[in-house]
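Below: one structure, written as structure tokens.
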Amino acid sequence: MDLLSFLLVQCLNALSQAALLFFLGVGLTLIFGIMRIVNFAHGTFYMLGAFLGYSAVRLTGSFWAGLVLGPLVAGGIGAAFEMGLLRRLYKRDDSAFLMVTFGLTLVLGEIIRLVWGVDALQVQVPDSLSGIVFLLDEPFPVYRLFLVAAGAIVAVGIWQFLERTRLGLLIRATSQNAEMVHALGVDVNLVRSGIFGIGCGLAALGGVLAAPLLSASLGMAGNAIIDAFVIVIIGGMGSFPGSLLAAILVAFVQVFGTYYFPDFAMAAMYLLMLLVLVVRPGGLLGKEA
Amino acid sequence: MRIFVCVALLLAMAPLGLPLFAMTLLTEALILGLLAMSLDLMVGYTRLISFGHAAAYGLGAYASGYLLLHTSLPLPFAVLAASVLAGVVAIGVAWVCTLAKGVSFSMLTLAFAQLLYAVAFKWTSVTGASDGLAGIPRTAGPFGVTVFQTKNGYYYLVLVCLLGAYLFCRSLVGSPFGAVLRGIRENEAKTLSLGYNTRLYKIAVVAVSFALGGLAGALYSPFAGFANTELVFWLFSGQVLIMVIVGGQGTLIGPILGAAFFMLLEHVLSQYTESWALFFGLIFIGFVMFAPQGIWGLLTRRARA
Amino acid sequence: MSVSRRVLLQTAAVAGMTRRAFAADSIKIGIPVALTGPLGGIGAQMRRACEFWAKQVNAKGGLLGRPIELIVEDTAANPATTVRKVQEMVERSGVRLITCIVASNEALAVVPKLAEWDTIFVSGDNGDGRLTGESLVPNFFRPNVSGPMGTRAVTLWLRDSPMKKFYGIGMDYAWGHNSMEVFESEAKRAGKEFLGAVFSPTGTKDFSTYITKIRQSGADGCYLVLAGDDNVAFLTQAKQYRLGEKVQLLTEQVDEMGINASGDASVGLIGGSRYPAALDNPQNKAFVAAWQAEYGRLPQMFEGDQYQSCIVMQAGIEKAGSVEAAKLRAALEGLVVTSVKGPITMRACDHQAEQPGFVVKVVKKDGMEHPVPEVIATYKADRVTPPCNQMVYTD
């Protein structure tokens, strides 16, 4: 492997990893950055997505169906949770959210265990994406290129959604001044349910997309929630370009850090966060501390 | 104060009435209670939401474990030294973390705790890496005292530490120092404008909190006989925070009850059913919905009514 | 705190006894097992084997005329919880014998306390070489295959293979480093070249960089010391990068859970097996037949190995006539049992069972949903069991 092909492969490795981190982080940016809710259950929705994706693929035989159904169902569960429980807590301090979503993590995790069992479940890459391409004579999985493309599409999609659509406008407005939006005759509650549902759905989308690399397993949720928080914080709370930038940065540090200093693989992400926060307490593209 | 004396007496008499195993559980509950109470100084009184308090516990646990395994230091001195170490380390950590506020502060504490976790995983010669330290003895002394080697003797050591720490914290939050902390909690900018160096106060409270959290960890490792990386892991930091909230933040007593409740509930539920996490989670959700002030709030409201 | 709070096994019903009478003179065995968390899958296998064995024994009238009662507790693989749960079993339920602990770090936290508890711990899967080495305590016994023994079997097979250069990837904790050391020294002794190894933190999701490193190393074979989710993720991703076309993947243990979760990605993998269900001896055939009647499938690796540990416990208790630690310990030392892997000896010097080692290759078979391990080599006990208290071999 010469230097050029090494760099090319490693950069693509990093970008595909960045895509997965971005899916994880962007949903939390919505929930955490805009609604100021510490959603401890975010990683569990990511895991739920993988299991839902597995079942959808089993039932329909199509990975694409899983890609649609997984986020939809998970988003629906998220929205229902917001309507049923979170809605009653907006007058309370942040700790109430932390606790209620901690409870949700346990409940949802156990339900997943009861429904799908303890063994990891394989999710096949669809045939059209299971091949390899040769980049400067080095084999590279098509599926990883697909992840990079999917990440780019979702990033552009979210950006356009927030800029161009009415709901996007409402979301931005709600984050600035909920009472004003309410005074304009908009059902703020519905917007909040929508944001929470979309956030959970995005986590689940990340889970479905990650499943062909990891299999759907009970260990998935583990560090996912922390990875997601790190992305959001490094990027700056509530900043979409920030979480994209952070995902790319973290992925490159992970991929090249692991290559040159494997002993620091465990600490790399946290050292990066420490550095960023000390220099810019509000995150890379965040406004305030 | 009368209630305090009653509870203290009751706890002191516990070994007379409780079976062997209940004493084991109670000892562990008190240790966790001390940890949760130490976090309450930061969370409840100063609104410094630490997401890395496992670092304090882990530092204390590893330090006392190491001292007991590799030196002949008497147990109480090893525990004390570990606690001081946690407090001293905290000054450095707090100096960096207090550069930020709010959520960024929380994430910085998390980053430090996770770095400590990585160190615990890699510094094999001191921490035993992934195995941790096992077979930590309860050494005799000082002055030939062997009472702490027995089960009940150790329970009394933990009890004295907890009661002492509680009295210390109570007088701390009641002092002018505590008033400044509450000022920071309510409105830091205003407190700053009144001429208080709030950052210094915050560093001080983190150091005290870590020293007491370190004390809890230092008591844990000779109690369990081991210390390992789980004690420093972020998940445990999150759990301690939950203990504080479920007990009732800003009350000192509440978090102690919260810790005992958290541990005993998990312990008991997991005996009944493999799906204990389901019920555990539901109970927490129920608490948030119906007992916003936590366990202590529930108890005092009942008492007032 | 009532007695009924305890998780009792349904075998009480099988033996036709009431719970109260059952608790009075039963042989209590503590099962502090990880049922939740990432290791829950292995824990479920091990518990199933214990329950299957207890049911078999109780159906025949029990042990020493007493029924077996399993006291199952979930540890979630957290050593702090494990120590607390075992302590409760000992202090409250009067347990004097435990088995079924899943993770080695749980085992390492428990063993220093065994003397204080006057309790025997019979390992069912704990592989860390030091448990019968520097960390050995008198009340610990290991009927199962250890990590170094699994590695040894693979390296014995390598001696006859044309592969020359090796690289390794292991999980960054004690087991990974431990097994990699054994592999390195064994590979060198076999006249092979060991190019180096890399260790990935537990819970690693993306193995692309590690795959790049392995590819760059120029090795013919890569030795994996990975377990659980990490193992599945690595195999799946390695297949996506077509790593197997260039490098033969070798592993310390081939378990069915990993195969089922990674599917075709595991085909071609060669590695040690602690228990292959295909073993051809009367004891194993009877076990497999009974197991299939009960569960409708073949027993898996951790099920077979845990079952062997149960058989060893059973023989020990029968010989000792008691579960008292001192008597049971004396009975277990030097015990010879014919188990599902044939005759095995619990040697007295380090409490490790001398038993054969198996090397398997994962193949696809018609009519099977998942690929299956096929035995390609078997080595005698004296070749795979290390010298007493050792983790390295001398020949």
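Chains: A, B and C, in written order; residue numbering restarts at 1 for each.
Keep this in mind: contacts are C-beta pairs under 8 Å (C-beta built on N, C-alpha and C of every residue); 3 or more make two chains touch, one makes a residue touch a chain.
In this text, all values refer to a predicted model and were calculated from it rather than measured experimentally.
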{"item": "Of all other chains, the one whose Cα centre sits farthest from chain A", "value": "C"}
{"item": "Chain pair, B-C or A-C, that carries the greater number of C-beta contacts", "value": "A-C"}
{"item": "Whole-Å gap separating chain A and chain B, where each centre is the average of the chain's CA atoms", "value": "32"}
{"item": "Computed distance of Cα centres, chain C from chain A, in Å", "value": "36"}
{"item": "Touching two or more other chains - residue numbers and ranges from chain B", "value": "121, 277"}
{"item": "Junction residues of chain C, two or more chains touched", "value": "35-36, 172, 201"}
{"item": "Where chain A touches two or more other chains at once, by residue number", "value": "110, 113, 263, 266"}
{"item": "For the chain B and chain A complex, residues of the former touching the latter", "value": "49, 96, 99-104, 107-108, 110-112, 114-115, 117-118, 121-122, 234, 238, 241-242, 245-246, 249, 275, 277-278, 280-285, 287-289, 292"}
{"item": "Interfacial residue positions of chain C with respect to chain B in the complex", "value": "5-7, 35-36, 73-74, 78-80, 83-84, 87-88, 91-92, 104-105, 108-109, 111-113, 128, 135, 172-174, 201-202"}
{"item": "In the complex with chain A, residue positions of chain C that touch it", "value": "35-38, 40-41, 43-44, 172, 198-201, 203-206, 208-210, 212-213, 215-216, 228-229, 232-233, 236-237, 240-242, 257, 260-263"}
{"item": "Chain C-facing residues of chain A, complex", "value": "1, 6, 9-10, 13, 16-17, 20, 110, 113, 118-122, 124-125, 130, 132, 139-141, 143-144, 210, 212-215, 217-220, 222-223, 254-256, 258-259, 262-263, 265-266"}
{"item": "Of all residues in chain A, those that touch chain B in their complex", "value": "40, 85, 88-89, 92, 94-96, 98-100, 102-111, 113-114, 226, 229-230, 233, 237, 263-264, 266-267, 270-271, 273-274, 277-278, 281-283, 289"}
